[in-house]
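The data blocks that follow each hold one structure.
Two complexes follow with chain A in common, the first pairing it with chain B and the second with chain C.
Entry: the complex of A and B
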């Protein structure tokens, strides 16, 4: 809440530069409600547009969306599944949002989390004999380092050679996947797999990680608050970690000197430089931080569910993270909520595939549409607010 | 190593990059960054193959261009009229196109990742030259779209430098306010630029699916839309430059397809185009200059 208010205040400052009129703070509050309504309206609008696709294939959109809700909220294990699906999205949303704050567009989260997952998996199976209290943090650290490492190249190229990070990170996403393919299939492939029944071929995967490298499940915590999680749920402590990280990043951005530099560079690198901030250094640190957070995206699946890295490791979290960050407008609390929203859409997508025979790609279509509508909505709101303010100022001037 | 077969293969692989890069020139010269080219290519690939399956290759190619232009229209509305961040809009287009194509593929063919085999355009053989042994692979049984791609280069150069439309398009990308003051319809020019880039990206997608592999396969664009963008930058926003850059990528890819050794794992060979793109963009080869107002949203009547 504080976050959105501060942001609007900054916008006001930007505008007053053009029209130096002091404005009472009251009316701004009125429009804050619009900012909160925008994501809700954007999601509804996107669902309405996606209905066209559903109508084309002869489905009743209302029935499909109804199934989506019923399937997602009908049972406790479905709710647990939403939380589980939201976990990686909290991390990817945060990774993208931190970059956005400094006007850096990290489309490379996708590749960074694959490399992060590889590093974590390697530390998870190669290092043996450590107690879990040491091994597990080491695995998480390896994930973050892997992500940061993969972010190092694009930010170096941006700062030193002026290469736009969007294209370089996309190229590195493709490269990361190929590299991962090589590392899993040709270097670290688990040759000790026993094929049950002697039929079929072994999975293309790395060796199993040590039990000490795995993240405990959330069942204990859920019991404490009187909720009995289904035993097959993979919900794990990465969710709590993600929420804490969101809080930590909020503190970093809004309450520390570095946060001030970060936001200053995001608003205007030239002005920041004039104020004695070195934009290149801020870009560098921010992007590496974004990469390190990205390195954690895959961990909930890796150490909370599979326990090994295989060639079919889930992909696409990085792109969903962009949608999460945009819907949340980079706000930490908003990112948690938006991650839950996309967790719900993803779970619901599965539901409509099973129950309504509607392709679950509806979820991907919704993602693209939500990104488009939310940015358009914000632009429309910005114009509306500006027009209203101009009118209010004009009438205030007339009264004077 | 530098045989005619090799050159022919390089050209075949360069064509999608060249067509899309030329399209990108129209968009960028009008001041709009089009990161969504990849998505428009995917849309072109699938629509081309799907329509070609039912109605033949000519209809397929037209449909692919329409599909690309439709996604470009979304990008234009969002980034020109609503002035949203052009990169964000482009990323959304890529996600949207991927989703729509998978959705359609499942709904129409009950398969998410491929379409059935389709017929291609009749291949062209140049009668006289095909008799020359060294030239034979280059001039016999060539896809007509390859000739079209190379005709696009001088045509685009002519449009940009010798026509009123080209002058207006460039003026909008360099200094929209000045252009508007002189009576140029800035929004219209930007719409034209973006739509042309979408249609050409669709055409390039159709080339991939109808002419090159004769079916749609998911992931067949492999980031070519972004590579095309890089080729355009490397080519200094000029058609001829984009062609050379496209050929460079085609050559690198053809080379990587032919270098089959035990020493280098194939995954590393497949990385070559991506690494090359980064190296090229890093300006280790040369520096280039973008249109002055590229990426900056223009608000009509802002001067007033």
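Entry: the complex of A and C
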């Protein structure tokens, strides 16, 4: 008997030597190609379904889609607009995704970015006399801290008292918006505004931020690679920051010990706990990180475009971020691509509205369909891959 | 021995699931009035076969001949109507109903749409008398023991007129005395002309009670043999496909100093003391086996020792240091290995890869990470070494742990927990659900660790396991250690008496019994 055992082991060793396990710098996932195929197929499928809606309103789908692509990619200002629209979505997608990895549903990105924008705005106008090299990072930091601060309450309630973060973050979204209104209109309202020609009323906004607090535009970088961005474009360095952050988060999740903890707690807090990891601590750190990233969502608009915070500050990035993370399956690269996709849909939607007289709602339909089909397609592929892997392991088991 | 005409014939039954052939041309006859055991390891296809016989799955190929006529049941209802009934491993009873109500449920004797309780109680007690099944028809199911609940399940199929009764792993949930009673009942059923199909992987039981044994391996019939003409070793070899070592290697007992000391441990959950003044000691170089019916505090004891459950009173000491209510991470830092009872929930993060599971918990050690960065070269070589040492069969260490078989998953846990030579091992149900080969492997590893000087606390619902590898045995009942025995003093009947609470508190002379 003992002999049989030894023999089997020797065989296993021999086999391992013959076919050594690949040693990439980091273990890569198989079936990556399938992962890429799913969203492409899903977008095509969604466009086919949306064609029905276009036919119903008497439009030629091919012409509409043709215009959509031509308008979006045929003009430099459209490309710049897509990138600009994608910038906040990269941040909000990352904020949601990093939480999702630990099975934390941060529905509060919406509120966190408003608070983040307020903090950044305050540091931007109240702190004076600093060089841009100090002031600008301080403003960005203030945004992140503001977002983290607004995330602190829900995660503290969850870890200490078991309050589900979905409930508390949704409620805090409303609180954040109303608080912001109060702060802008009643506390920090810029009273020095000059009404030109005595007409109209002053904007409900905070004081203008210092020039040292504003984010430089990307025109200089574009010039370097020989692209002349239109002068009215607000595309700024937050885009580059967002892409770097995506890369950093990918590294954190897949290449660091904290990433192992994050994913272990996300998949199975019970097993992580039994292995000696403290799930509450992981939840806490992850959620604050998510909140800090959320605090940066509004900065592209705030310090790259407006230069002040008013009550009409763009809203909804937080919720779109949930869709971005969902479509990208929390993958960093996917989030950048999904944010670009959403940017394209919104720009293309504008194009077909103007040029093809197709209602703007078409793009909402298309966006909804794409989210739905991508999620479904991915689930189908996930199950297929799982079945394949199971079969491989079964045959490995039988061979040994 | 029976050589009667076959009542049930399986002819070339084949059932495929995606990627696996669960039953491959299974052919054998079950003689009328015999006790026919179907044995095989987990995944050998026993359960699938029985689901086909009772109409839960249609076979892909082959046919079933029942009493000389081909049949094709489309539901368990049709099967029982024809006379084939099954008692599942997990009972399907309504706790709040009485025994009689459960038995008639779905086949109520009714007049004008009104159930007649008197008739049902009378019918059920007649059945009990006829087959010698002792159970009170008017007792509520929630108030009766597990063994009695099983009798209710048997009554259910008898009530519906079953001639062939299939029992799926019936002894898994029973204590030794209840197993004895079950076997008496099976004999009584046979005496009344019923045919019994007994699904099991416990060879001793099968050899005692069966007339004929059919062995399945990887979906195929290895052979059908009369029980009188086969030995346990031969059966095991048929099941596994190679000779099996029943006598595990163990060095002489050399117990050293106390490693784990649990004193007066009490834990209250929802107003109920799940651990009640529990004390025990485990020494270096010994295996302390904790026997008991499940749900008597074993889970809670393991969790309390590992820092996964708050302790209300008492002390847990590890190598002289008080670790009561410390976090799991802090307990583990003291060279502690923990094999959780539920490997899917607590043992592994199933969607994560093999290598991630192997380093989980030690992922921050300098060997595996430096400067906040995982060291893949070291991780992968260490994982491959561990996987090789513990004979985990896998296609790739990059695959998710959930793609491994149960036995390989458990070996993976051992590979993680036994690295770095643990001084204390808490093994909770370490062989549950494993096949013979993997079970043998795990037990031998526990013995090897003991021989190297580790203190092992083995918590197991499998009495045979506790008896075969422990140096000392404690019996837990209602969250309290009722009795302790040396390796040679313990026998199944005595342990069983303490396990069911029929006898209490041997050690402290009854003062702590409650």
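Definition applied: the second predicted complex is superposed on the first by the 321 of 400 C-alpha atoms of A that agree within 3 Å, B and C clash if a C-alpha of one lies under 4 Å from a C-alpha of the other, contacts with A are read in each partner's own complex, and residues count from 1 in each chain.
As a convention for this text, a contact is a pair of C-beta atoms (placed from the backbone, for glycine too) under 8 Å apart; a residue touches a chain by one contact, two chains touch by 3 or more.
These figures come from a predicted structure and were not determined experimentally.
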(message) Taking the superposition on A as described, I'd like to know which of chain B and chain C A:276 touches: first, second, both or neither.
(response) second
(request) Quick one: classify A:178 as touching chain B (first), chain C (second), both or neither. (result) first
(message) Going by the contact rule set out at the top, does A:391 touch chain B (first), chain C (second), both, or neither?
(response) second
(message) Under the stated touch criterion, which partner chain does A:256 make contact with: chain B (first), chain C (second), both, or neither?
(response) second
(request) Using the superposition on chain A described above, determine whether A:211 touches chain B (first), chain C (second), both, or neither. (result) neither
(request) May I ask you to decide whether A:167 touches chain B, chain C, both, or neither, giving the answer as first, second, both or neither? (result) first
(request) Scan A:66 for contacts with chain B and chain C and give back first, second, both or neither. (result) neither
(message) If we overlay the two complexes on their shared chain A, which of chain B and chain C does A:372 touch? Say first, second, both or neither.
(response) first
(message) Under the definition above, what is the set of chain A residues touching chain C in their complex?
(response) 1-2, 4, 8-9, 12-13, 16, 21-23, 25-30, 255-261, 263-264, 267-268, 270-278, 386-387, 389-397, 400
(request) Within their complex, state which residues of chain C touch chain A. (result) 18-20, 242-245, 306, 308, 327-329, 331-333, 338, 340, 345-353, 355-356, 359-361, 363-364, 368-369, 372-374, 376-377, 380, 384, 388, 391, 393-400, 402-405, 408
(request) Mind listing the chain B positions that touch chain A in their complex? (result) 35, 74, 78, 82-85, 87-89, 91-100, 102-103, 106-107, 112, 222-223, 226-227, 229-230, 265, 267-268, 270-271, 274-275, 277-278, 281-284
(request) Using the touch definition up top, name the residues of chain A that touch chain B in the complex. (result) 53, 56-57, 105, 107, 153, 157, 161-164, 166-168, 170-172, 174-175, 178-179, 181-182, 186, 319, 322-323, 326, 359, 361-369, 371-372, 375-376, 378-380
